[in-house]
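In what comes next, chain A is part of two complexes: it sits with chain B in the first one and with chain C in the second one.
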Partner chain A sequence: MASTSTAGDPIQRLIRELSKLPGIGQKTATRLAFFVLRAPAEQAQSLARALVEVKERIRLCSLCMNLTEHDPCEMCSDPARDDRLLCVVAHPPDLLSIERTSSFRGRYHVLHGVLSPLQGIGPDDLRVRELIARLAPPSPVEEVILATSPNVEGEATALYLSKAVKAYGIRVSRIASGLPIGGDLEYADGITIARALEVRRDM
Partner chain B sequence: MRKRSGPTEATPCVVLRVVDYGDADRIVTLLSAAHGKISALAKGARSSRRRFGAALGAFGFGEALLEERRGQDLWSLADLSVTRGFPNLPLELSRFGHAAYACELCLHLCPPHVPEPTVLRLLVALLDYLDGLPLSDKPSPLALRIFELQLLLAVGLGLQLYDCAACGGPVPAADLVPLDVRRGGVLCESCFLGPIPEQLGPQGGGLPASLRDLLAQLETRPLAPESLADLSVSPAAHNLLRMLLQSLIQQHLGHALRAVEFIAKMNAFSLEPPG
Partner chain C sequence: MFVRSLHTSDFRNLREVAYTPHPRVNVIFGDNGQGKTNLIESIFLLATQRSFRRSKLDDLVRFGCEKAEVIARICHGEVERRLAVQILTRPSRKIALCDGKSARSSDYFQGVHVVLFAPEDLLLPKGSPEERRRFLDRAIWNTCPSYLDEVRTYEQVLKSRNAVLKSMLAASGMRRRPSFGSDGELATVEHSEDSESLLSVYSEQLAVAGGRIIARRRHYLQTIAPQVEATFDRISRSGLRASLEYRPKVIGRDIEVASPSELQSILYEQLERDRKRDRIRGFTHSGPHGDDMVIGLDGRDAALHASQGQVRALVLALKITEIQHLFCLHGDPPVLLLDDVSSELDAQRNGYLFDFLRAMPSQVFITTTSPEHVKLDQDRLDVRMNHGGLWSDAVAS
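And now, the complex of A and B:
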């Protein structure tokens, strides 16, 4: 008896494609596939269109390297933003986190990662050369704010970049890290408390 | 309230690797005193920093509270408190690369769930050495050689230097003794037929008495600044040493290490401003 091949079966194909997504196992992929199958046709088409469009229309801004539909991106072309301040982040979601606070009105640069000996990621795997190109004279940038996460790799990346930025005579600052607002000193770990003491300020 | 299914005593450990898992969790691989290399699920580690705080980064040394999950290879990390953070490691990329290389070697060479107190001590000694080095100093490459050699020895992959790797018989001192890296050490007269090669290559050859003594000496040398300071090895001998250890490690790993790739990338990259 001939075996029933499932290679061309659309349901199996969808499950296989979905299970390639991060954090999605076989079980979840199956559940999602049957959800799509039961959903109205318009909903499935809209999902398919969104998937195609995100790949077709979203690219990197040639200035800040953030993801954008228009190049240069909205933030790079906004004349109201301050050209003298440049905030460097590791990933696009980090930029969104800072933007949500509405407390920064300068420009951004997205590295798309951090230096990582544990993952074999070097400077050429990141948008480091593009950052340096923005600092070469005549550059309006007067201060670079390094906003990589305060973990081992984020710190190493910030230190590495700070040396390169200083070579252009541009001021470098690092986002402060320490105790979270509303946090409890008693429950903070030693490294965080030590860092909070290190970056203490006058009152 | 916690579902008890295994031991929950605190054990000293070093964090070897941290991988994100799902939206809220992380999987950490630890080198622990009580259970050796072990992977554990750190629930809520991504969503709430209060849970594990800054402890959950690479290289941290501290105490882990681990719970076995019945029938599962992946244990559960109930708590992790860091007692030594090695804050100077990220300040300079070559020591950062060295530290990552050491952790990666432990990750790949230590068998899971086998207590390795010697390896843990050795790793902490190397991290301590790298962290304590003045920022203007480059780490001594011999520190890495001692680490590699003693790690291989501790996990049972060391080179046999005095007993024949094939028959176990003694291999007496001589100007040159035959060494076969694939067979795991020196060979006696009855196990090595033919003339002893004059040269030493990655797979072995004629091992000079001086290098044999150096290997033996480094196998017991404490990994500490004082001990490294009065150790002098000629560049030629160091190159041979590095070649032998690399080929031995390569033979057991069968793949390239990411930290090695990182170090190569850093060496090839320059950010000097023009002019």
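And now, the complex of A and C:
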């Protein structure tokens, strides 16, 4: 295939950079590059600024390890939140999911991953030490809620943390799993139904 | 369930086969190496999304082709569904479709039950424990599709625990070359508290997943054992008693009566006891991945004491029971795939098998080199397999 462009061509450079992004192939990258090219200059500058700022200004909160611009983050410094409840999640998007419900008003801790010996990810590769540091006395935390996903890796991580947390005499709970609200029993998969039956409750 | 029509393209040596089988007995005959077993395999693939031969995905695609496809119309009662499996190469992957849409496996497998009876099954009592586990797991999966998820979960946890053990082994090797003390044990290898508690986590998880599998296997064997005994008695007329028993590799306690939760704690205790040995070897010793089932004859292990003829009768009893059990459980006869079995059985056992097939309202696919040996006369359709193509004897298609 003959190419008229050189490696230094800004359009080619942009396409190459964009196609490094997850889920973006050569075709989409080309479409995005030409979209940016045709867009008003302010829009391109705003995109460029956002890209640079996200790297320069976002860091980890020294308390909860969530992504933040200010350290400590908004959630850690919010005096209205309950210090006694600590919810542990695997990834920042998990935290956002819980936060969207507005039904949890405690504090968070983000692990940035789950245990996966097959991929060589052990406790030292997660923010476990930081979590333990928050639980060492005198700690206001009275209950740790383990909100990792209900799959093999998430369960292993929860099991591991529950042992570590219990060593401090702090109550540990695990988020429930079962049927989705508003869903039909008819369409639920077998394992979910089996689990829902296992953890059924009295009425 | 029965297969109303089957279409394969570039599946092994079957270039293009359009096949409308009989709802009862189908005999596929032809010389060896023409593709008879491939046709059986294509039905098996549709029903289970895997091959019964231990081959790579790519091997299922006709040499030089990029894609193989098997499509069938399957009937359960009044309902007809169209199942399709596509195997793609470069990169190899498998796509399963139900009525043209990708379906969750629990939906895809709903009501699809196929039992294969192949010459290799006759080696079951004398073969490796792995083959017996495979037989057992497949039979259970046919009775309960979610068993597949339980097995997968167990396998994933097992791999994780082994990975932890391996990393501990590597770490101890780095810290200190393994040296053997006078008692033959690995001396003074300390592990960080971290990896020790990580190992406990996976022991606990493995015990939960493993206990479930042991409970399922044990329950299945306990359910079918009386019927296997009765069927064997009718086939062999020898007065000898056939038995089936689940034999866990290590657990010494009597597991016949333990509840599922007791099984989990028994397995956990065993894993804790094995800790040291597992760490030295770098893999998990105990658990259902090492268990076995013992096929017994008058209280003795058939693998060691049964004659060739007795082994065949035992396997025949086991297979017939598996089929009857499925029929009772689902109220719908499973599709039976018999790959050249009757050539391996003597006249008397063949007679028993054909009596059984006559009475069982299943759709049956039988491959053979000599169709005249298939002693079934009614509701039967014969097709000839020649160089990967199917020919009906009356009219060439």
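Just so we're on the same page, the second predicted complex is superposed on the first by the 197 of 203 C-alpha atoms of A that agree within 3 Å, B and C clash if a C-alpha of one lies under 4 Å from a C-alpha of the other, contacts with A are read in each partner's own complex, and residues count from 1 in each chain.
Methods note: a residue touches a chain if its C-beta (ideal position, glycine included) is under 8 Å from a C-beta of that chain, and two chains touch if they have at least 3 such contacts.
Everything numeric here is computed off the predicted structure, so don't read it as measured data.
Superposition of the two structures on chain A shows chain C clashing with chain B. In the superposed pair of complexes, A:L115 makes contact with chain B and with chain C alike.
Here chain B and chain C are compared by how many residues of chain A each touches, and B touches more. In the superposed model, A:P92 makes contact with neither chain B nor chain C.
Once chain A of one complex is fitted onto chain A of the other, the partner contacts of A:V152 extend to both chain B and chain C.
Of the two partner chains placed by the overlay, neither chain B nor chain C lies in contact with A:G178. By the touch criterion defined above, A:A164 lies against chain B and chain C together after alignment on the C-alpha atoms of chain A.
In the superposition on chain A, no contact is made by A:P72 with either chain B or chain C.
When the two complexes are superposed via chain A, 202-210 is the only one of 112-120, 202-210 or 310-318 in chain C with C-alpha atoms clashing against chain B.
In the superposition on chain A, the residues of chain A touched by chain B in one structure and by chain C in the other are 115-118, 120, 122-124, 152-153, 155-156, 159-160, 163-164, 189-191, 194.
Against chain A, the residues of chain C that register as touching in their complex are 104, 106, 145-146, 149, 153, 156-157, 159-161, 163-164, 167, 194-195, 197-198, 200-202, 204-205. Note for the complex: chain B touches chain A at residues 17, 21-23, 49-50, 52-55, 57-60, 81-83, 85, 87, 89-93, 96-97, 99-101, 103-104, 258-259, 261-266, 268-269, 271-274.
Within the complex formed with chain C, the residues of chain A that make contact are 115-118, 120, 122-124, 152-153, 155-156, 159-160, 163-164, 189-191, 194. Partner chain B is touched in their complex by these residues of chain A: 23, 115-125, 128, 132, 136, 150-153, 155-156, 159-160, 163-164, 167-168, 180, 183, 187-192, 194-195.
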